[in-house]
Amino acid sequence: MSDFKPEELLAATICRLVLDPSQPVARHVAVGAASPIPAAACYLAQKLGYPIRLSLLARTQGNPFTDGTRELFDLTGQGRIDLFFLGGGQIDGQANLNLVGTGEWPGRGVRFPGSFGSAFMYMMVPRTILFREEHSPRVLVEKVDNISANGVSEPGVFRRGTAQALVTGRCVFQFHPATARFSLASVHAGETVASIRAATGFSFDVPAEVPETPAPTAEELALLRGAVCDEMLETYPEFCARVFGRKLAA
Amino acid sequence: MAPPATLTQLDAMAAQVPNGAQIAVPPDNSLPSVAMAKALIRRGVRGLRLVGVPVSGFATEILIGAGCVAEVQTSAVSLGEAGFAPRFSAAVREGSIRVLDATCPAMHTMLQASEKGVPFMPLRGIIGSDILAHRPDWKVMNNPFADGGDPIVLLPALRPDFGIFHAAMADSRGNVWLGRKRECATIAHACQRSLVTVERVVEGDFLLDERMASGAISATYIDSIAIVERGAQPIALLDEYRTDTAFLLDYARMAKTAEGFAEWCAIHVFTPRAAAAE
Amino acid sequence: MAPPATLTQLDAMAAQVPNGAQIAVPPDNSLPSVAMAKALIRRGVRGLRLVGVPVSGFATEILIGAGCVAEVQTSAVSLGEAGFAPRFSAAVREGSIRVLDATCPAMHTMLQASEKGVPFMPLRGIIGSDILAHRPDWKVMNNPFADGGDPIVLLPALRPDFGIFHAAMADSRGNVWLGRKRECATIAHACQRSLVTVERVVEGDFLLDERMASGAISATYIDSIAIVERGAQPIALLDEYRTDTAFLLDYARMAKTAEGFAEWCAIHVFTPRAAAAE
Amino acid sequence: MSDFKPEELLAATICRLVLDPSQPVARHVAVGAASPIPAAACYLAQKLGYPIRLSLLARTQGNPFTDGTRELFDLTGQGRIDLFFLGGGQIDGQANLNLVGTGEWPGRGVRFPGSFGSAFMYMMVPRTILFREEHSPRVLVEKVDNISANGVSEPGVFRRGTAQALVTGRCVFQFHPATARFSLASVHAGETVASIRAATGFSFDVPAEVPETPAPTAEELALLRGAVCDEMLETYPEFCARVFGRKLAA
């Protein structure tokens, strides 16, 4: 059970969410800069045989876009991106994201880098998987100080989708847009409903039965450490060295 | 070889930028002219209003650190793998710069409106974000092509005084080439004047070559060109050189304090060696 | 060499286009797929709604002549140096096609709105032209960023079912390359599906090559590719072959009458030789 | 006096209008497809030493645009094109242009190719020189059947400029936007006010003195036949052969 790294569990977990058969099919997935675990999850889905087109914004060589950085947003506007990943310095119980900063606008407490494309992407992709490794009351708050991108929209506002789930270092939450609330979907090994409650600043629903997040299978681990790592080595050298113990040939 | 008529020296180019100018700058994945940022710091320009297309990186960070900046309009300021931009964060904390937060496609859209010569353009999304609440210059109206309702954001055209970026090369006619980094073309189209540093000047005319033309920006838009080898450094230039992450990490460490930043500047911006290398 | 997964035969590609489809086609200075127009004529498709980006040329003219077209939305239909398009002119006179007249930047703008995923985009000009009076789908509103007044035209997003054009080449990944003819990129972005003929397929990945990437359209947008050597002929292909003006003048002469056009078609579209050459 | 071709007179005449010191300076001039005489006029201005940037849409090699055919219109929208040329199947006394066709919309009489960019360009460039060689009541009409592009705009409608002049095979008219009328500026050799009146379908103003259109100077003719022809040979081979008697080397 401890024969895998936390990052490998997270990648395998996100991969299953990407492939969730109850969701609209993800044919084209975009992964933002600085997101090696979601990238690994998507490569894993590809290596498992699912024909997913993957656009990695972090790739400098072979960046998929030829119309400048606006092409990702145009592509999304056209409805051609089915799934995207977002995180946040703060995430609240209604799935609002704060990438701007704490305290008074525009982040007079702790300033984060900024909202990037979140205020557009979150509303324009059919599915968003929220991902943040740190699971603490500091990050998962009852109400974000500032809303970069809102979890649900007023009726009548054009929106293609919402968060599907929130994956953290401790658990998986499912998001329910009708009630604008999270429910606990699974807890990673070693966590309990109580430990999640203690680490979470927002209230969430808990079903009668909360399963443990399934460990990566042997096949998934082999693919992650082999074919997936091969794909990621150039773009995420530090991640591959740390998690898979592999270094780019000089 | 006939040099382009717009060829000048870096410091002469920096001298064209007055205090208070609004300047569009590409981010660290799209050819910022770090050389020009350093030249502007040396020149001691003040009150710049920087525009991140669509986000801001190292060039913006050091201009803020050097006290050249009054306002940043951007979707984010980040040093990528080197993390948060320390002088930007400090300036926000101290309230010493005005930050106009946006979201990436909004930055592109405002420049595209200028590119097309229209006073505004609509954009989906954004409604419900606090970004909108803090942008009184952005409007929401009902989509006139819907049967009613369907609110949509209208963004005003943004036409900065200058676009400043780095390109791989210029040709004898003053066209510049930067491959797929087409947001720099939008910058050049949208801004009133474009000042461009290049690695080198080559003979010929990119516009006569089908292979080169699509990655070129016509001299029509380019007001001044200065040759600065490795002018994007420590940021990457296409397939020519990579981002120097160790350098950026070192910067981020030093720039945690104003004193550390001043020391970094003394070494990397103000020493005759640093200046001469440009 | 690994062929792209989307590679198919010309006739199979033409079979994907149903009667009544709306199709965006570039003009004679920007890589029309004349081969595909001929394949559609052979297939006997009916009721096409053609969109000229921004004007229409030879491909549109022969599709009209062959009775495949119900509607043309365009800024002009012309054979360039060979003059007026005779079958188009005849069809307008007879009232056998619906013509939705526009002006060039409006055609671009309507596609750009689809490219950005917005329901409309504004455009300057046009007010006072009879074009506007005949486009009930276009609206005029006062610029909300002005202090009052300042009427401006709003154009609805146009999202044709298909974009059809010719490119110099495709690579193993199914990316296509057509250099500076970037209106074809806008076509590919705006249309629901893109069907592309190419001169050849080459090994590799244009997106990995900084020199090629800026003139390439990502396979994301390309649904089918068919190899047709000289597939734009008699129209020019970049620097590879020139427009055959003598051929066009000969066409214009023959196509003055319906009978002459039928004769031209029998020779250049329907003979086994003509079809096999594609 | 007859040592030059009509096309040479027209090119020299248009060149003088381009350089007219009473007009805002033309730094960047665009010339549409199929306009060899305006192109020759602009090249002549260049060869006379005026630093005019010239964007010839007809050039296939070295076409100045790298952002597709929309770039001309974007460039014009940005205010970077100072002068453009337009013609029309019909031109009327208010400088309205009909490029669509005669009879009922959209040209059920004689259909012309279409409006091209005229409905935008005419309003968005500071200066337009109208040019049509055929000067007859058929072309120069009191009122066009259909308006592709209007000569003047209602107050409050954004417009950067209007026609500066109309050059025909018989004369030069100046346009007065305040009154929306043409006045006769000069008549080409062999024409009179009466002959112009007879050939013109619209009414126009006639000053007390109407000069003859000046003939091209020896310098202008030498440049047209030499350096200007050199520039045009590739793009306009038939025009150069017919007017200058020069052929492109095979």
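Note that the chains are named A, B, C and D in the order they appear, and that numbering of residues resets to 1 at the start of each chain.
Quick note on the criterion: a residue touches a chain if its C-beta (ideal position, glycine included) is under 8 Å from a C-beta of that chain, and two chains touch if they have at least 3 such contacts.
Everything numeric here is computed off the predicted structure, so don't read it as measured data.
Shared contact partners of subunit A and subunit B, listed by label: C. Set side by side, the interfaces A-C and C-D show unequal numbers of C-beta pairs in contact, with more at C-D.
Note on chain placement: the centre of subunit B and the centre of subunit C lie 36 Å apart, centres being C-alpha means. With centres defined as mean CA coordinates, subunit C is found 40 Å away from subunit A.
Mean C-alpha position of subunit A lies 59 Å from that of subunit D. Chain geometry summary: the mean Cα position of subunit C and that of subunit D are 29 Å apart.
Chain contacts: subunit C has residues 105, 116-118, 123-124, 150, 152, 180, 182, 185, 213-215, 239 touching two or more partner chains. Subunit A has residues 61, 63, 65-67, 73-74, 77, 124 in contact with two or more other chains.
Checking each pair of chains for touch leaves A-B, A-C, B-C, B-D, C-D.
Residues of subunit A that touch subunit B in their complex: 33-34, 60-61, 63, 65-70, 73-74, 77, 99-101, 105-108, 110-124, 146-150, 153-154, 156-158, 238.
Interface residues of subunit C facing subunit A in the complex, by the touch rule stated above, are 114-118, 185, 189-190, 205, 207-208, 213-218, 220-221.
Subunit D meets subunit B in the complex at residues 28, 53, 55, 61-67, 73-80, 124.
Residues 105, 109, 116-124, 139, 141, 143-146, 150, 152, 154, 156, 179-180, 182, 210-215, 238-239 of subunit B are the ones that touch subunit C when the two sit in their complex. For subunit B in complex with subunit A, the touching residues are 27, 29-30, 53-55, 74-78, 80-81, 84-85, 88-89, 92-93, 95, 99, 101-106, 108, 112, 123-132, 134, 149-152, 180-186, 236, 239, 242.
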